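Have a look at the structure that comes next, please.
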């Protein structure tokens, strides 16, 4: 279990924390309960010892190793693939998977990791989510034993990098209309030929393996394929990067162009057809996002609070003394507390086999919406200073917009919920 | 424990449910988990068997016995004191108190009762909250053993009715400035004389006993007194009703005028001084409101959903098919689900001694705000028809405005939270 | 022109103003311009002398003669038909019509009258709008010269009362599906028989004449009929009142039941077919509402401001000193100022023949939405005291909900605008 | 008058318009009025022929000459100083000033220019606003005739560039606490020495002249100084650029460091003391922003509309067919229409001498708030594609955040309005 996670953690002393992160991990043992603005409704009370330890370890890694490089990475639109290796060494990747070199922890524990990473940057979390939930999850849930044994351990270590190709240029919210096809190779037996384009694919430019969803010509059904770049002939697979992004600039995003790319038949997931496959993976990723974005919001709260306490205007009063400022902090803190509880609840239900996709739609939608909303409101506390990227709040705001749109744009989840509540679909 | 509650429950068959209440209590035993719009994040999974049973019993009583009379009562601004007796017979009053004829159930169980009552009407819940949390709570927490034994069992049965006098005409949000005084009786030994006015006091016109907070002249400190109407000389205690209310019309509200009213010294709570006393009681009441208002919101959701499914416009489509309608339902359902989880969490912490007043400020504020907001948005689904009181939604909207303002107006809780988050008070 | 209006105005002295109405009509003549919270963007600068005089006269009448009776009328759900007579005497009814005993003023002048009336109560304004825009407007725009000469002068004086029957029980937002029919009388030549039901009809229980829209059997087209109650045989026309309304209680609302009611053919509007007829009338009424609701909002602002200045909490500070309170006032004042300017602009365009129905949808929707929103937020300033109807704010809030839903529910206007912007209809 | 403006306009044909800008300048002459989503409430009807011509000319220049370069400029954080020269050639700078080579047009005409520029980019508008309103305005309103004649004509041509130094690192919203000082030069007669730092100063790194506000030591009063970089000894004036901004990246921003910088006494504005000076200039700039940001919002609407019409999802329907999308467009269009009317109204009042600073606070606050809000909502229509900067919407969103914070952060204007409404200041 979490042995794996803890074993890998370097035992050096806690390094100096970055200036604006005042988060405290120590649990106080005082008699009378104290309100803790960092965990206002005491969600920690719901966690196991193991989960607390994993969370603390992940937070420490992220603050020590990710936080110091994010500013420059975001400016340069640069993603360092070594990050996945570091995460792999700590056992953070594919953490809910049992076996294959993975940690086998609870769904909640795994989401606490995403929260720790997203506290630093949603882009870093995106890179990890793709590797863990979408790629490793797809191979674990749908791959043959051979595929699992060949790829999962390396993915778990971050030695190879994965990408997940579902979205197409003309089919963002409606993957059921995808145009990418797979057809029997006309000459080379035991191979399919994949043809089509995917876009907004996190990690694609640096990916070693790509889970690609395509319509199988012989049946018309959507199937999943594991494309191993090392097996692709030149020109058959192109993965150009998309540059000049307005958010998630610390992650790498690209397209996937498949030009009659041959893929061995054993690399097609054997037993899953239609959208069930990708949606199962998305479900896991969305769950991770739901707690992840709370980390980003919590970082915004911590930074805004610090700024409000330090910045003085009008007769030397700290901004924190103004009612309009306190309201922004109170609202954000409340939404963060509620969002964390809801995510933990769904995580528990997931492990008990009681979660439904609509629940995940609900928490993904609500937590992304509220994280974005509150981050924007908290940004106002910084006034014009938020224009400097060194306050980090502008980066969170830009990132959180993206989290609201991917893995199901907010309005799409609204309609999924509407359908679940009324029994009537209103997509068209 | 809940024996008491269950023992009293009349074993007759479940009566026909009212037209617009489509709530189902049966738990489905199907294999694959299903999304349930009435409990979207499966909060029931957090409840004990006993809590589920209490909740079901309370819901049944409320739907069978309260729902049928609320429409007329609200129109007439009439409160039937027999309601408290009925509740008393079922063991619903002061339910968390152990002994003294009370049920001694968990904090969450008690709040599930308030939710059941408030699903029908916030005014009915107010009447009960005052009896249970404010009056019985005050006597239990601060009264002498004699007072407890004399009053609690009768209050628990609903045979006598209590009121709680804190708010004054000029001091709504700031009870620390209260003007009501208690002074030594100049002639009659062993008595204090109470003088002053309280307003917006639920139950006061029909109350047999009134917990009154007053400033003790000799110390200048606020103290609590149990005023027994049967002991008051004529003219010393007046409790005129406040009529023509714009909300909570199914509860009864009034003033308390004390004109040198003599109260025996043994009726002063012995060991509590300052605002700690009333705030402790308010804390309990606020907690009950936090889950209670979710009941009102859930009723709005159920009614709006039914209306949207039945009402057809434009080519015979049910309103439920329109995206703008589905969004209203999805938003409300999400807020209800989150609010219920947060309230259960704080209830558990309360029983573990880990809850703080700020937590209760947070959930009282947020749940009242969101209940009101969503009720108003759901009301739009009814269009002009909401103007008919027979759709009930207008009543909930009017009631929920009041819940947002009493027991700490929303902005006051904002500033309580702001102070807790920043360490700086901004009331002045 | 406005001679008529001014001539009728009783020349007695300005009576004492009601406690909470601190509106000043005097124009200051100071050198440096001063910010006036009652007219923040100096909309008066856009008005003619005549319009200013009409506005002042109407405001005076409303404050002197309507304001004193609204509280009791609202409590009792009572509408005094003498109000229309009083308005008629002042020339306030059908004021834009030239001739037939009407004042013939500008569209803006007419809307300033609705604003004055709605500053007191939206129900009073509704009763007047129906008389002026819907009934007199319909007769003027579509009636024969005989109908105009017979009915308009009496309607203008308020000696007879009109109602407008468009909405049906099953067709609120979609009048094109109406079920009421008109067919050739089988025996009595020169007569149609009207059959069907209308609901939510302002003034219907006391109406002398009713404009009724029905589908003419021979053509299948919607036509307009002027039903004169004095001509209807017993039982053919029933107009029961709808009671227990949750808003607009100072206006009278009812149904119209037509049971093969004979109507002379000359009472069918000759030249208008389809929805063009009712929509032309609604357009005028909606325009009046757009400026009318600003009056209600302005009254809420004035009352909330006064309350905030007089009510003291926490160290004796007036509520007006708190930032959270100032924000509510600033937001509301801004929306009122913007809404007034937009309504004046569309009024001017209307008189120049440049207004389109979509413009009116825009200002009706926006001004009703913002009036309701801000009234609710201002209500929070009153805290629990708003529950007393004597503060009037609760009444405005309840009324404004209704204005948002009638004459085109807000979402319907959203879709009208959406269609105008995109060229694509999304009603279905 | 506008001769100047028109004379300079190059008479070549209208170039091809950028892909996403579908704005039409042609006025239709059809009989029945048509709703025009680009000018929903026909604000053009309020403009003079001259104003229409100036607006059209400015729009054409901006679409032809600014729009093509903004994408790359924003990516590179590059501001081309030639832009001010081009604007100068067209007579767009300091356009309300009469004489000194300026166009002498109405306040509204001048704001139509800012709207045209901000339709392309708020940063471009910022650069122009500083030159026109803050620098030329300050010199014109407060400078000696010598200063006016020396500097205004060159500034009007864009041959020299100006900056405006008010904000200090520790005094953003509260300039009254500024620390920059001016003292008599101890040795060089007729000179002051300026010492202090200013930050977030648009144009400062490339400015030839800088209006600097400093506290005059001998009186303690704030005075204005025109610092001419060509007169400053090396090291006395440093203006480092601030890089890595999260918004307004197409404008250039920097600091001003004055290290005992000698300034001739004739360069101190003679007759203005205290905050009146800078606030007068800010007032003009804020006015321009109020209409300017409407241009940015209108561009967002146009782009979102085009995208919604072209992008198809779910059975080939354009996004524009979805109710949730239409609502976003309807809301934004309404706010744009209202904001334009309010800005025109205040412009007219300004020219009539009837505008007050609070009016400008109101429209600056509201229009910036609504532009930002709606731009964010419209961004949702683009889903994940908004992450590509080629859709421009992300740039507008990032820019509009900044407009909300500078020239008076939104909350500060709230409190200015609150004070004006209640007579009570709540800054502290």
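Read from first to last, the chains carry the letters A, B, C and D; within each, the first residue is number 1.
In the analysis below, contacts are C-beta pairs under 8 Å (C-beta built on N, C-alpha and C of every residue); 3 or more make two chains touch, one makes a residue touch a chain.
By chain, with names taken from UniProt: A, B, C, D = glutaryl-CoA dehydrogenase (ETF).
Only a predicted model underlies this, so the values are computations on that prediction, with no experimental measurement involved.
Novice: Which pair, A-D or C-D, has more C-beta contacts?
Specialist: C-D
Novice: Have a look at A-C, A-D or B-D and name the one that copies the B-C interface, over half of its contact pairs being the same.
Specialist: A-D
Novice: Please tell me the distance, in whole Å, between the geometric centres of chain B and chain D computed from their C-alpha atoms.
Specialist: Those two chain centres are 53 Å apart.
Novice: Measuring centre to centre with CA averages, how many angstrom lie between chain C and chain D?
Specialist: Chain centroid spacing, chain C to chain D, equals 41 Å.
Novice: Any chance you could list the residues of chain B touching two or more other chains?
Specialist: If we look for residues of chain B contacting two or more partner chains, we find 322-324, 327, 411, 414.
Novice: Touching residues of chain D toward chain C in the complex: what are they?
Specialist: Of all residues in chain D, those touching chain C are 33-35, 37, 40-43, 45-46, 305, 308-309, 318, 320-323, 325-327, 329-331, 333-334, 337-339, 341-342, 345-346, 348-349, 352-356, 358-359, 362-363, 365-366, 411, 414-415, 417-424, 426.
Novice: Considering the complex alone, what residue numbers of chain B touch chain C?
Specialist: The touching residues are 75, 167, 170-174, 177, 200, 242, 244-248, 253, 312-315, 317, 322, 324, 376, 379-380, 383-390, 394-395, 397-398, 401-402, 404-406, 409-411, 414, 427-428.
Novice: Provide the residue numbers of chain B that touch chain D in the complex, in ascending order.
Specialist: So the residues of chain B in touch with chain D come to 322-324, 327.
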